[in-house]
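To keep things clear, I will list the structure first and then write my remarks on it.
Naming follows writing order (A, B and C), and every chain is counted from residue 1.
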Amino acid sequence: MGTTLAQLAELVDGKVFGDPNLKITGANIIRDAVSGELTLMDKPDQVGLLMENCQASAVLVREISDKLNIDGILVANVHEAFGKVIRFFQPWEQTQASGIHRSAIVSLAAVVDPTATIGAGSVISDGVVIGKNSVIHSGVHIQAGCHIGEDVTIFPGAVLYDRTEVGDRCIIHSAAVLGAYGFGYDSSTGRHILSAQLGNVILESDVEIGAGTTIDRGTYGSTKIGEGTKIDNQVMIGHNCRIGKHNLLCSQVGIAGSTSTGDYVVMAGQVGVRDHVHIGTGAQLGAKAGVGSDIPEGQQTIGIPAGPFKEVIAEHMAIKRLPDMRKTLRALTKRIEQLEKEAAANAAPAIRKAS
Amino acid sequence: MGTTLAQLAELVDGKVFGDPNLKITGANIIRDAVSGELTLMDKPDQVGLLMENCQASAVLVREISDKLNIDGILVANVHEAFGKVIRFFQPWEQTQASGIHRSAIVSLAAVVDPTATIGAGSVISDGVVIGKNSVIHSGVHIQAGCHIGEDVTIFPGAVLYDRTEVGDRCIIHSAAVLGAYGFGYDSSTGRHILSAQLGNVILESDVEIGAGTTIDRGTYGSTKIGEGTKIDNQVMIGHNCRIGKHNLLCSQVGIAGSTSTGDYVVMAGQVGVRDHVHIGTGAQLGAKAGVGSDIPEGQQTIGIPAGPFKEVIAEHMAIKRLPDMRKTLRALTKRIEQLEKEAAANAAPAIRKAS
Amino acid sequence: MGTTLAQLAELVDGKVFGDPNLKITGANIIRDAVSGELTLMDKPDQVGLLMENCQASAVLVREISDKLNIDGILVANVHEAFGKVIRFFQPWEQTQASGIHRSAIVSLAAVVDPTATIGAGSVISDGVVIGKNSVIHSGVHIQAGCHIGEDVTIFPGAVLYDRTEVGDRCIIHSAAVLGAYGFGYDSSTGRHILSAQLGNVILESDVEIGAGTTIDRGTYGSTKIGEGTKIDNQVMIGHNCRIGKHNLLCSQVGIAGSTSTGDYVVMAGQVGVRDHVHIGTGAQLGAKAGVGSDIPEGQQTIGIPAGPFKEVIAEHMAIKRLPDMRKTLRALTKRIEQLEKEAAANAAPAIRKAS
């Protein structure tokens, strides 16, 4: 039972230290590893944790130290190597038989590259184009006229409304919805009449879309996500938005219609940005920030309403001292009353004299 | 290649100004239009933008002005006309062949109007009724006893739990979930025991439900959404809520159980409302407001915790001045100390005399 | 038409008071019941509401009172009894024919217990194990190597990525996504390179996952949800999180990566918790709290940034008085000016004499 340390060293192109015949039965992180398992140490300061609180029988490291009293494997890249070991011990991995599953519904007017994969029950409509090596998992709905690039992965249950464009190497997770109607109405009659919904969504290359994220179509034109931008789960991006390149938008962020961002913008979790503003390149919006106006390039912004990091922190500090300020104010009022009494008393004799 | 301006004018029932033989290759908004394309101008003050920063070759307008140095088409309703042109140039539009797709699973105990459409892989359970001209896209799950009215549209991947009722002309977007269990438990034993989940969800007519929005079923009765109310993406509405007519609930709003709203209520993005309160008719809740109590009719409400607009703005302004207030307080303290010293000095001779 | 009160009393094992031959046509809550229907009263103080504002013809109660001038049924447990009556009158309930629906796609390398149910169009991949009496509704996607326990219910459209483990009696609602990639990137090159995504999600027994909730897989290890924990709709739990037992996480909560919680933690709606912190056993986080650090056991925490309940309430109260404080400060400034003038006037004669 188990695989020898020497065999795993060969798998990861590393060098054994300690017993090459040690049997390894699995791989796990320091927090969770049990006896018989291989773990990884990616920072030298984890050595205490590893030696005292971890039951792993061996470790993957980049360099040996005196305190490392355990067998293991030396490798140049511990994460790459650990990934190989994890996969080696993993009993199952999701694989899609290449080709089109017999239960998929693919329009005769769609063009699917022969190297692409279409999973069970997925629906590919008229005019759809799917590029080389792209993997469409089961239960994905791709509506008419969508263009899917090469090496794209789309997970079960994602929905692409008509004419969505997806660049090469994009990853779209389950329950993501691209191209639903924007939230725009003409309410002049006392009823809310839906405005035109004729645009689409465009993802440039290397974009990742998290599970449950929704990106609405443009009114007439496109809602665009720039190259290399990564969007976490349950993010909402309104109609006509233009998100720049290499942004990181964390979970549950909401961006209202027609807002744009520069490149390398970071938004932490639950940030909200109003419609029709611009977030400058390199700006960083802190968790839960409520942004109601343009943000300059590179600005760190936090708070509700949002402001520059230092200003808002100063306000938060001042608020913490508010109860103290109120006490000071009451004490000062008393001291002033006392001074006023004394001043009146000093003045009084003269008045009395005069009377 | 391309279509003449005259041909497009005929399409939209408009009148050419400039060259009727100009070839048009597409249609796009001012921001995105390239040479050869037709754009639209819906406000007179866009004329500068159009003439200086737009490469469109022609424009759709309601009236001609001196500054408008470009060919185009005059129409009464630019949005309606532009929509027709956009559609004319669009290569694909999602269409559902009418009738029931061969891969749909429709219960023999369901009643589907012959004019309705059921898309690929959709599942229609026992006792479901689907009205005239309704379009159920692919991958929609409609559980037992649901009633779907006429002219309803349900997009791929939406789920209706049992006995959901959907009024005429409703639109339900992808990944919306109507009728999941409410979040109610009896925790008296140290475990959380799910309470009764026997109610349902009712949408009155002309309701729109955004992508990823979830509306939980009532405990025994119904969670209701009033006529004409529009709900954006990723909104959460708890069990037993009663939402009034013609509300606008923007993205990522959360409303806890048993809360009700009047008519024409507007909630901006990421608003949260607690359970068992009432939001009066015409009330407007600003983005990210955290509402913990009843809100009177027509009140503009913002902030966390939420309060009347003017009060909260005054608080925000005061917070901005807090660092200044602290400075003033320190300066006053010094001035009082000085006055106290002087008062003591004035009093001192007398005391000294007395000693 | 209708059923007699006596027949319903037999159904719920209760005792009629009033007319046993009264015909009952349905059941509804006090707010919604109409003439002919049976309602329930679970608190004695509802008697006024019931007698004055409710049209129900009969009531289910635990005890009779003088003010209760209506026919009805006496039972020990009104909720259990009312549930039976509601179900009796309900025309349709979602039921799954047991066994595997002909349109489901079940891998030959999956092990499905013969008492389990697999709905229409569901996809069960290689290596999946499904336990006794579990009900997988239609359109569920269970990827390779997942283990589903006994008596589990999974609603339409839920997605389990590969190797997800689901304990006995768990309930997973529609559009929930378990095991999507974590939001972790190496950005050192100017591009965001996705980190390892080799872990999985583990739900212990009796966990409920709301509609649209997303739980990301661990990097190498597991994201874990403890026994008995209930998670509402649209909650986001990041990679490597460890959620304790019997937590209640309300709608739209977001918890960033590697954060852990003790047991019996409660988070109200729209709470956000940062990465790598620990929320102690029994802690309660108020609605919209923004938590940026560890929270001690049992602490009630609110606010953005979050702090102990009493402190933050004191701050909120102080903020409400800020406009008043500013007035006081201005008034004090004037009084000091006056005192300074008087002091200068008193001092002046001496100075004048000296000159």
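The rule is simple: contacts are C-beta pairs under 8 Å (C-beta built on N, C-alpha and C of every residue); 3 or more make two chains touch, one makes a residue touch a chain.
Here the structure is a predicted model, which means the values were calculated and not measured.
Chemist: For the copies chain A and chain B, give the interface type as same if over half of its residue numbers appear on both sides, and as different if under half do.
Modeler: Copies use mostly different positions to touch.
Chemist: On C-alpha atoms alone, could you tell me the rotation angle mapping chain A onto chain C? Nearest 5 degrees is fine.
Modeler: To bring chain A onto chain C, one rotates by 120 degrees.
Chemist: Distance between chain A and chain B based on Cα centroids, please, to the nearest Å.
Modeler: 23
Chemist: Could you say which residues in chain B touch two or more other chains, in rising order?
Modeler: 103, 121, 139, 157, 175, 212, 234, 252, 270, 304, 319, 322, 325, 329, 332, 336, 339, 343, 346
Chemist: List the residues on chain C that touch chain B in their complex, please.
Modeler: 27-29, 31-32, 40, 79, 82-83, 86-87, 90-95, 101, 103, 119-121, 137-139, 155-157, 171, 173-175, 206, 208, 210-212, 228, 230, 232-234, 246, 248, 250-252, 269-270, 287-288, 304, 316, 319-320, 322-323, 325-326, 329, 332-333, 336, 339-340, 343, 346-347
Chemist: Give every residue of chain B touching chain C within the complex, in rising order.
Modeler: Residues 103, 105, 121, 123, 125-127, 139, 141, 143-145, 157, 159, 161-163, 175, 177, 180-181, 183, 185, 187, 190-192, 194-196, 198, 212, 214, 216, 218-222, 234, 236, 238, 252, 254, 256, 270, 272, 274, 290, 292, 304-305, 314-315, 318-319, 321-322, 325, 328-329, 332, 335-336, 339, 342-343, 346 of chain B touch chain C in their complex.
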